[in-house]
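Next up, some structures in structure tokens.
Presented sequentially are two complexes of subunit A, the first with subunit B as partner and the second with subunit C.
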Partner chain A sequence: MTIRTAKAVILLIAGGCAAVAGLLFKEHREYREAVVVSPYITEVKKLSDYSDSVKDSVNDANVYIFDSGVPGGTAVLIGGTHPEEPVANMSAQIFTENVKPLQGKVIVINRINRSASLGTRMGEAYPRFYHVKTPWGTKKWRYGDRVASPLDSWPDPEVYIHYPSGQNLAYMDIRNANRTWPGRPDGLLAERTCFAAMELIRKEKADVVMDFHEAELEYAVENTIVVHEKGQPVAAMASMMLTSQSFDVPIGMEFSPKALHGLSHREIGDHSHAVSYLAEVAEPMLDRIRGITDEELLMSGKDRFVMKAGEHKLLYAPIDENGWPAHKRTARHVTTMMTILQVHNMLTPDKAIILDGIPSYGDLMDNGMGQYFADPDASPAERVFFD
Partner chain B sequence: MTMFHHSLLVLMVIVLAFSAGKKFSLTTELSMLAGALAGLAAHMILPKGADPRSPLLLAEAVRHLVEGTFTYFDVCLIFLTATFFMALYKEAGGVAFIVRKIVRTFHSRRFVCLLLLVLVMLAPGAITGSGATAVLTVGSLVGSVLLAMGVEEDRRTALIFLLAAMSAACPPINLWAMMAAAGANMPYVGFAAPLAVLSISGALFSAFWLAGKGKPVDLEKALSDLPEVPEGWNWYRAGFPFLLLAALVGAGRIIPHGFPVLGLPLIFMICALSVLLISPVRPPVFRVATDTVHNLQGLVGIMVVVGALIQIMTLSGVRGLLSLAVVTLPLTVLFFSLWLILPISEGMLQYAVAPLFGVPLIMLFNMKGLDPVISLAAWSVMWPLGDCLPPTAVVGRATVMELGYTGDYFRGFVRTSLVPMAAILLLCSLFMVYSSELSGVIGG
Partner chain C sequence: MDLIMSNSVAMILYYFITAFFLLALAKNFLATKSLQEAALYGIIMIPFVLRLLRLK
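Up next, the complex of A and B:
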């Protein structure tokens, strides 16, 4: 074989690999996630209905509004801030597909940083999709990155200077939808997205905002509610109730640090009258010390390397051979939100938000998540939307 | 077989394939590619332990390989555009003009000249966070002045590398600290003082250790060795592209919310265009562009392959195994071994090492009551010293390439760098061990 022939063969193989990978990237980017909204839906808006800053952009997310018609408060639930934390958007979607508002209004965004869900994180060897078994088949979601895709937001500055605080942050955090609050209308994609979401929070006069997350077990802010100082009584009581009545692993409560800018729990509380909460739950898939990276780890939350780190007391959350399965993580988020609302209603009855139809911690632990997601093919077309 | 055994075996296969590639005279990047491919095959074939695992289809395995190659895409673009800018400037005669002026003005004042050179080398890396950018933009210029000052080749190359490493570590931008801090949800605040103390001390020590002594410069001989400058060059023309570079980068800092985000690749291309506008002669743009790509093939190739290798290591648990091995070491052992672990891991993984080792180490040090800001600053000065080590050796390779180094890479250039490196690593280790005490002094 001559060197020319060898080069031609190598070029063909490389081209073939690029073509195969390209098709898979395309499939991931174009996959449409079906959402069957609960029958009690009032209206489905777009984020751009609140601000032009995201109009015609990939982050013009669906905004699902459920209004009881009975005067009360307004809660905004945010999922999908970091699409490498899948329980965040699944927890939001449990509300979108099951909620029946009895008093007040609840507004849900399943995927606030949609761009970040359209590709996975380079170097992290993530799977492209994850699946949940349901009574009608298997439901599939896109797995994603922590930050918006460079295909949608590029280039990054050499250093990200947060608006309006002027705090210096790592350059890639300008694509991180939990470092760009309160946002600005003429910034980069994540800044514009957060600005539009702030406009939603302000225009809808939200009283409670919840941002769902997951965290590595090596991270100190773990299994906790991070709250703006305005929400201290509610979060403290909710954490006590959840720890004593529902959860096997306690949930803590922490104040939002005043010196750390760009995060939802700090900036939403500072720039609107809403009380901002952020819920964290343990996700071993995010630990750098994890072993084999695959969908099984993502959904079962079982990892021997992370367990070994636990034996050396290097973790902030317990882990054993049962892991941290996705349905347990979802159950914690959903129950945390419902308990926060319960305490909020006790302390501010004139702004009560009463929701029905949401599975309890026991329901989700016993039945799994699958039965709380409806079959889009068997549902009325007017109730099926795509994130 | 457990998952530990699986990941360990995959690691061994990667090392064996890499070694075999080198034995059969493949280039470093092709040997690493062989390691990545063999590691991927081993991961697919070998049992993965008792716990259930998701199937890995061949198409998905290919996707992982291709996806990994894009991990450092932005860094590759910066390398290409920065080198193109400087190559064009050099071809137009700008470098020769500046070097001649510096030699003529400072030939009798070695101390002042060295201080100036340290400043010139530190500035680009401090602003961009990239040692390679420092080498590619001003490395050959400073190297030419050192040559005129009579600094011999090994010492000259070692000094350019060490100054580039310290420039990457120098505040305001230290990418290792920023990435690790971001991973640990720490604000990038309080790092400036410890980073400045460590990196500037390291740069000054390196400069005076390697080039402080020397014979007085024979001005006539030095000038006759330097290339001639085309007619028409003056300080206004020579300074304009660098002023433009400083202005474009500085504007992003001074008015961050009122100036568009251009990105370094576009900034370097704008500066390259400015060279065409101010140059009294017309440099051969197409030839310079093709030469740039040709010269950077190895450097860019290695960044592409390192990305693929890291993705395969992560997929197979090898990355976790290595990371776990480091963070489970006793603290005293860490104190005595990080000076070695950090540069070696940087040579293997580049910036990816910051979130990989930096985040667990921050958590560990915080848990043990040590100051995470001072400690992270110390690690962030140790890491770039590994940029001359294989398999990546990005800044080392760039230095050798820019200076046209003809000596032996390890026995010449790297060996000459060892004393200043050891001094910097010792200083950083002391900062790490006494981080709690120092935090009150320099505001960590």
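Up next, the complex of A and C:
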């Protein structure tokens, strides 16, 4: 074989690899997630309706508004801040697809950092998609990264200087939608996204904001509600109620550090009238010491290496052979939100937010999540949206 | 120049840098007489192509 023929073969193989990889990346980046909104939807807006800062950008997320028409408070639920924490957007979507507001208003964003959901973290061999079985078939979501894609926000600064505090943070956190609150209209993509969300919170006069997350078991901020000082009585009572009445593994309550900037639980509370909460639940997929990184681990939350670390008391959350399945993690988030609202309603009855139609912890544990997602193909077109 | 504009300009410049290195790799690929080097250049070109096409 001549060198010229060998080079042609090499080009063909390399080109073939690039084509296959490119098609897989393209499929992931262009996949649209169907959302069948509950029949009680009032309006679907875009984030850019609140601020031009995200207009025509990849992060111009759908904003689902459910208004009971009965005077009360307003709650904003945020999912998808870190799309490598899938239970966050699935918990938000449980509300989007099932909620029936009886008093007050609830506003849901399933995917606040959409860009981060369009590609997975480089070098981690993450699955591109994850699936949930439903009575009508299988529902599919994009798995993502912690930060916005470099295709949408690049380059990063050498050091990210948070606005307005001036605090120095790691360079990649300029793409992290939980390090860029309260944002600024003329910043980079994640900063503009958080600014638009802050405008939503301010213009809708939100009383309660919840940001759903997941965390590795090796991380200390785990199975907890992190709360701005304005919401400490509510979070403390909610954590006690959840631990004593609902959850097998306790949920704690932590104060939002005043000197740590850019996080939703600190900045939303500081820059708006709203009380900001952030909920964390254990996700073994995020642990550095995990084994095979695949959809099975993501959804079952079972990993023998993480279990072994637990045996050596190296973790901040318990884990056994039952793992941390996605439906349990979702059940905890959904129930945490509902309990926070319950306590909020007791303490501020004039700003009550009463929601119906949301499955209980027992419902989600017994039936799984699939029961609570509707078939987009069998639903009226006016109720189907895409994130 | 504001931050969004300067970042956009820098991003476009990165695509020119990517194209420059892709051309340099292609030139070396064509010039080399070593099979091993040719294979290496072929593999290295893949991420540059994917980046230029805005796929990864």
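Going forward, the second predicted complex is superposed on the first by the 387 of 387 C-alpha atoms of A that agree within 3 Å, B and C clash if a C-alpha of one lies under 4 Å from a C-alpha of the other, contacts with A are read in each partner's own complex, and residues count from 1 in each chain.
Note that in this section a contact is a pair of C-beta atoms (placed from the backbone, for glycine too) under 8 Å apart; a residue touches a chain by one contact, two chains touch by 3 or more.
This is a predicted model, so every value here is computed, not measured.
Residue contacts after overlaying the shared chain place A:His228 against neither subunit B nor subunit C. In the overlay built on the shared chain, the residue A:Ala21 is in contact with subunit B and with subunit C. Applying the stated contact rule after C-alpha superposition, one finds that A:Tyr171 touches subunit B and leaves subunit C untouched.
Touch criterion met: A:Ile3 reaches subunit C, while subunit B stays clear of it. By the touch criterion stated above, A:Leu151 is placed in contact with subunit C alone, subunit B being left untouched.
When the two complexes are superposed, the chain touching more residues of subunit A, out of subunit B and subunit C, is B. In the superposed pair of complexes, A:Lys351 makes contact with neither subunit B nor subunit C. Legend: residue contacts after superposition of the two complexes on their common chain; A:Leu314 is shown touching subunit B, with no touch to subunit C.
In the superposition on chain A, A:His333 contacts neither subunit B nor subunit C. Touch criterion not met for A:Arg142: it reaches neither subunit B nor subunit C. Overlap of the subunit B and subunit C interfaces on subunit A comprises residues 17-18, 21-22, 25, 122, 154-155, 187-188.
Across the interface of their complex, subunit A is touched by residues 2-4, 7, 10-11, 14, 29-30, 33, 35, 38-39, 42-43, 45-46, 49-50, 53-56 of subunit C.
Contact residues of subunit B toward subunit A in the complex are 2-4, 6-7, 43, 48-49, 51-54, 56, 59-60, 62-68, 70-71, 74, 127-129, 172-173, 175, 178-179, 181-182, 184-185, 187-189, 249, 252-253, 256-257, 261-266, 307, 310-312, 314-317, 319-321, 323-324, 327-328, 352, 355-356, 359-360, 363-364, 366-367. Residues 17-18, 20-22, 24-25, 120, 122-125, 127-128, 150, 154-159, 161, 163, 166-174, 184, 187-188, 218-221, 259-261, 287-296, 300, 302, 304-305, 308-309, 312, 314, 316 of subunit A touch subunit B in their complex.
Chain contact summary for the complex, subunit A toward subunit C: residues 3, 6-7, 10-11, 13-14, 17-18, 21-22, 25-26, 29, 119, 122, 151, 153-155, 186-188, 192.
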